[in-house]
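Note that the chains are named A, B, C and D in the order they appear, and that numbering of residues resets to 1 at the start of each chain.
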Amino acid sequence: MEAFSDGVFAIAITLLILEIGVPTGSEDDLLKALADQWLSYLAYLVSFATIGAVWIKHTVITEYLDSATSVLIRLNLLLLMVVSFLPFPTRLVAEHIREEEAERVATAVYGINLLLASVLVGVLWRYAVGARPDASDEDVAMLTKRLTPSLAGYVAMIVLGLFLPVLAVVGYLAIAVYIVVPFRAMRHRVHEA
Amino acid sequence: MEAFSDGVFAIAITLLILEIGVPTGSEDDLLKALADQWLSYLAYLVSFATIGAVWIKHTVITEYLDSATSVLIRLNLLLLMVVSFLPFPTRLVAEHIREEEAERVATAVYGINLLLASVLVGVLWRYAVGARPDASDEDVAMLTKRLTPSLAGYVAMIVLGLFLPVLAVVGYLAIAVYIVVPFRAMRHRVHEA
Amino acid sequence: MEAFSDGVFAIAITLLILEIGVPTGSEDDLLKALADQWLSYLAYLVSFATIGAVWIKHTVITEYLDSATSVLIRLNLLLLMVVSFLPFPTRLVAEHIREEEAERVATAVYGINLLLASVLVGVLWRYAVGARPDASDEDVAMLTKRLTPSLAGYVAMIVLGLFLPVLAVVGYLAIAVYIVVPFRAMRHRVHEA
Amino acid sequence: MEAFSDGVFAIAITLLILEIGVPTGSEDDLLKALADQWLSYLAYLVSFATIGAVWIKHTVITEYLDSATSVLIRLNLLLLMVVSFLPFPTRLVAEHIREEEAERVATAVYGINLLLASVLVGVLWRYAVGARPDASDEDVAMLTKRLTPSLAGYVAMIVLGLFLPVLAVVGYLAIAVYIVVPFRAMRHRVHEA
């Protein structure tokens, strides 16, 4: 199960680049044309960071488990579906942002996809803990503490996106970076230095 | 052989999303444009669930086997070809459904591809059982019981699709879900609760 | 090295399907439109069988070797480049066949790519044998016997393709099938039955 | 971490071919049309060799390490992002070269991406050495000696590319080949022969 999941994560994260179109018909000022589609790069960054974050959490969960039960394999497949769906709303945001009405819809669809991935990681985690009676309370508390703010963050950002779509995308990035970057580990290093 | 197969399954299942086009020229009502292509999402869902189902069955078969014989590697390659062909009819259905004549052809081609995958899983399974003299009758009976209804189901759905294409696609989904979701395991959990 | 190589083979073989375009503007007779592009399916089949054949040979070579030397890793990278280039001439043939002049060029380019892959497998094999002093003569002779006809076959087909392009593509398929299908193993089974 | 990284490298290197467009509307002289886009093949070659070079260095680093620390996983994710971004500037160069102004921008963007990948490999390497107190000075010196010229080379080529874009792309290839091809190992073989 791990090899297959790692494969899907690796492919989904690498396919994202195919969604960014190369500006055409911009012989005179390619630099400006490239700069103008900065929102495409932002969407790319958000999706890359989010899949990276989900992958890291997924690694923690599979390491925590001894064996894959039948139900877990199915839950995992559901998570992989949500993750591999992500290139679609990424392209949606990249293409429709800056269009008054459409950008709200695109950002909301994107946010719901991100939220769903986070929810499924949570479900997978809770199931994994339930399947192991010797679960350490510390580990559970740590991950729960990490999951809760991201869920609340996504809901807040989806609502915000109805009014300020671009800000919501920046918010999605902040949530992913918050999960990926190990602040505590960094602080340790700073203290040691 | 397992690493290569897992790779092909993982890539085929992740490439599916590239077949869903983002609606363009829909600045005014992106939500409606997105909703209008619900059949694309359904086709995506069917193909994802089917590849997931084939992957699960494939895992069971390779776990069952001790070593890969020369013939088995070739049979496996044939199955992988049918699986990696699936994005093509998926796009075919997504693009041509709702076009009177074309949708019947698209749905039938799709169904035949799904049926072929199921047939090849069955062939692989029978070959695997034949290659191991100590095969447990229970395991054989269990998988046979699971394979037979899906084959019959596909044939029925292909015929139905000549008259009601959309219903056939829903039927394809039902078959894949029937294979993927471990009803027995779920019932167990309900009883335990 | 094996995980990376298996990954590249798996991806190249699965990406091939993206090169087959879904016929558009064919509402009235999709079946005819699908049948008309039979050469696309043939090119898909050839490329799939060829990558499958190279992968099988590659597996034999890496199993034969104890460790990967520095030169071997580079030779292997070269082979992977030729293999992952294959989707390009596949599309070339699929799009340009049936165009008087163009199809000769497309078929020749395709054949040269296939020949190059075969040559590199041969080089890799010779290097692998050279790196192991206890190489069994039988194994060497067996693989040499398998490699030589395919090289000669490709050269013959490339020349033939300058006059009869479609026939050359069929010939490419025949060579790949000849490598993939284990005739001896099959004969064994027939004799045993 | 290794399986995921190998997957991303394998996919990024194989996706590159999708960026080379098949010439259309060239029924009369396909050979000329194919020859005319030689810069696309060059860009493909550069990107393939560069990802190959990064992958080889990455393998050396991960072999050197005993375990993946939290910070290392994040640094690695950053490197993977830069590597999987590479198909974008590859396409950029392939499409915009030979356009007076645009080609300078495209080549510079491409070079910065390549430089960034090299910088991140260096950072990863330094971090890996720092995490292991028993680091052999020889290994460190060897890799440092290999990394420094490639960094200087990229900077020189980016500057050169503002005046002679095509030459810069050739220079990028030279740097990648310099890293990939094990000259010392080859010289050994020549001496032995």
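FYI, a contact is a pair of C-beta atoms (placed from the backbone, for glycine too) under 8 Å apart; a residue touches a chain by one contact, two chains touch by 3 or more.
None of the values given here were measured: they were computed from a predicted structure.
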Copy pair chain A, chain B: interface residue numbering same or different (half cut): different
Taking each chain's centre as the mean of its Cα atoms, which chain lies farthest from chain C? A
Chain B and chain D: spacing of chain centres that average the CA atoms, whole Å: 38
Just curious, how far off is chain C from chain B if you go by their C-alpha centres, in Å? 27
Going by the touch rule set out above, which residues of chain A reach two or more other chains? 3, 7, 10-11, 15, 18
Footprint of chain D on chain A - complex, ascending: 2-3, 6-7, 9-11, 13-18, 20, 22, 24, 26-31, 34, 44, 48, 52, 55-56, 59, 180-182, 185-186, 189
Within the complex, chain A is touched by chain D residues 1, 3-4, 7-8, 10-12, 15, 18, 69-71, 73-74, 77, 80-81, 84-88, 91-92, 95-96, 99-102, 105-106, 109
